[in-house]
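Note that chain A is present in both complexes that follow, paired respectively with chain B and with chain C.
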Partner chain A sequence: MSDLKQELKEKIITQLNLEDIAIEEIADNDPLFGDGLGLDSIDALELIVMLDKDYGIKLTDPKEGKKIFESIEVMANYIAEHRTK
Partner chain B sequence: MEKVYINSIGSISAQKTFDNSDFLEEIVTYEDNIIPVIEPNYKDFIPPAAARRMAKGIKMGVVASKIALEEANLTDIDAIITGTGMGCVRDSEKFVTAILDNNEQFLTPTSFIQSTHNTVAGQIALGIGCKGYNFTYVHSSVSFESALIDAFMQLEQKEAENILVGGVDESGEHTNAINKLIHHIKPEKINSKELLHSKTGGAVFGEGANFFVLSNKKQDYSYAQLLGVKTYNTLAKSDLLANLEVFLKENNLSFADIDVLIIGNNGDIDYDNYYSELTNGPFKDTQQVAYKHLSGEFNTASAFGFWLGAKILRTQQIPSPVALNAIKNKGFENVLLYNQYRGKNHSFTLLRRC
Partner chain C sequence: MKAQHLKIKEYCKISNNRVLLNDQLLYEDQGSDFTTFIKLAYKKMNTNYPKFFKMDDLSKLGFLASDILLKPMTQDSEISKNIALVFSNSASSLQTDRKHQESIMDQENYFPSPAVFVYTLPNICLGEISIKHRLYSENSFFIFNHFNAKYLHDYASSLIESEKADEVLCGWINCDVEDYEAFLYLVSKEGSIEHNKEEIIKLYTTK
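Let's look at the complex of A and B:
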């Protein structure tokens, strides 16, 4: 699980162009949106595509993303449970 | 009708031009067939959160516009008009490549959103909260001049007081590869000092962003007056001088009234002969200036020529690296710019000292 969390942090930094943020600056329970990492709705779309492409998880209801992308911890747990690749 | 002035400038080019206090004092020489811009530290101008989705062209455009607005002491503007030949070509390439690589699936939104031609004008407006007229012209190598004509007419008619006008184009890897394939880029790497004497076809490609605040209110710090602009999509070499004479006459000038001729020759042996019509003809005894050996060729490279003309008129100096001949006039009143690319999309622009 810790490998998956590390992988997610790396992917988020690279794919969302967070070039000023280091992996160690993202805590597992930091909120990804709002006051935490400050991601926005376009980032949410990028994350939905990432789940589909890299883990084979299709989110049919975008509202689901609000819960799943709460933090790295929540995201990693969801992926571990639902991944098809 | 109101007169139109260039009140400020902002330039990001293959030379260190983003500092307005400098005028080509230190020339960077390249040995290549594609040359990049010298980038400022973008973080000094754009907050990291806003910059993270911006491709190079957007950053160049936003920063050049900020430099121009700051020099004009303006925080807002009546209109934003840009010209670009290829738009945000890097994000376009990224998006199209992703379509191919992923078999039309898993398409992410960022590069698509940012790939449109009017992204730069849009981002500038968002950055300063400008809700005014916002327009982008995509007309190959007369894109910048088309933007100029629009601004010029609005200012002449007092529809606006201050307009931000700019030309911006970024270099894209795939687009450059295609231009190499069709020999629009020279096959050989060439020293920029030798470029204008090249005996081969094609050009050295570049990129850049050049922005200006145009106004119908003259200021103590105004660079020059913009007298007129004219563009031609097609113009036969044999008709060039006759059309130029008409353009000058429309502005109550003749060939003899031009003190400096700024031309857009790029070292392409197949098309630089258009410029020879002027340099070996009515302007053979006029001070001649060239700039594409410093900036590279791109659709809005003529905006760098416009920047050069404005600087020459304000400083009344011609830096030696851009001088094509040894003729030296005492003072410069009228500057004529002529540009074309591969025999098409010609433009004449007239500037006057103010």
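Let's look at the complex of A and C:
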């Protein structure tokens, strides 16, 4: 699971172009949106595409993302449970 | 509508890996590609706006050139300035359009990026600038075959003379493959350069 969390942090920084944020600065339970990493609605859509492309998880309702993308910890648990690739 | 004696207050150019303000060199880096150059220029100009890194190349180019001209006017005031934005280019958002197209070509690997798709219109750049500088003003983005000084002159003059705007930031930002160019100037009632077609062409063509 720690490998998956590390992988997610790397992907988030690269794919969401979070310049000046290092992997070590993202704690597993930091909120990804709002006061945490400050991600926005386009980032949320980008994460939905990433779940589909990299892990074979299709979210049909974007509102589901609100819970799943709460933190790296929550996201990793969800992916580990639902991934098809 | 009354005719006014308008001036060009300031101008900014970004091209050939150089950033100039009123033809004064602010930054130069001849050893980098566009991605590295614009990132280093952003840092050099102390443009503290993390969303910059999420923008496409056209928006980065227009945003940075605009920020150099607008920051001194907007950073210390909570009051919105009535500065209209009138931009133009020839390539529209073609570079980003191609990137989006590549992501939807293969039906077996169909993963369009929302972060790319949002920049498949050139005027998104104007939105980025308006958000940063709290502008609720008129804005337009025109596509021409070539730099069109007369159209920009007439449009900017009309906006000020009809009191739709106090000042107009206008010019040309173009970005396609390895070719990029930004030339923006601020039309105002104050300034030392005459606002006419000949002066605009002179400023644009002076390297």
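Rule of thumb we're sticking to: the second predicted complex is superposed on the first by the 85 of 85 C-alpha atoms of A that agree within 3 Å, B and C clash if a C-alpha of one lies under 4 Å from a C-alpha of the other, contacts with A are read in each partner's own complex, and residues count from 1 in each chain.
Throughout what follows, contacts are C-beta pairs under 8 Å (C-beta built on N, C-alpha and C of every residue); 3 or more make two chains touch, one makes a residue touch a chain.
What you see is a predicted model; the values in this text were computed from it and never measured.
Chemist: Could you check whether chain B and chain C clash or fit when both are placed on chain A?
Modeler: By the criteria stated at the top, chain C and chain B clash after superposition.
Chemist: Regarding the shared-chain residue A:Glu70, is it in contact with chain B (first), chain C (second), both, or neither?
Modeler: It touches nothing on chain B or chain C.
Chemist: Touching A:Asp30 in the superposition: chain B (first), chain C (second), both, neither?
Modeler: A:Asp30 contacts neither chain B nor chain C.
Chemist: Which partner chains sit in contact with A:Lys53 here, chain B, chain C, both or neither? Use first/second/both/neither.
Modeler: both
Chemist: Given the touch rule stated above, what does A:Glu19 touch, chain B (first), chain C (second), both, or neither?
Modeler: Both chain B and chain C are touched by A:Glu19.
Chemist: To test your reading of the overlay: chain B has the stretches 24-32, 186-194, 204-212 or 258-266, and exactly one clashes with chain C. Name it.
Modeler: 204-212
Chemist: Return the residues of chain A at which the contacts from chain B and from chain C coincide.
Modeler: Chain A residues touching both partners: 16-20, 38, 42, 45-46, 49, 52-53.
Chemist: Going by the contact rule at the top, pick out the chain A residues touching chain C in the complex.
Modeler: On the chain A side, the touching residues are 16-20, 38, 42-43, 45-46, 49, 52-53.
Chemist: Give every residue of chain B touching chain A within the complex, in rising order.
Modeler: Residues 48-49, 52-53, 102, 105-110, 113 of chain B touch chain A in their complex.
Chemist: In the complex, go through chain C and note every residue touching chain A.
Modeler: 39, 50, 52-54, 111-115, 118
Chemist: Hey, which residues of chain A end up touching chain B in the complex?
Modeler: Going by the criterion above, the answer is residues 15-20, 38, 42, 45-46, 49, 52-53.
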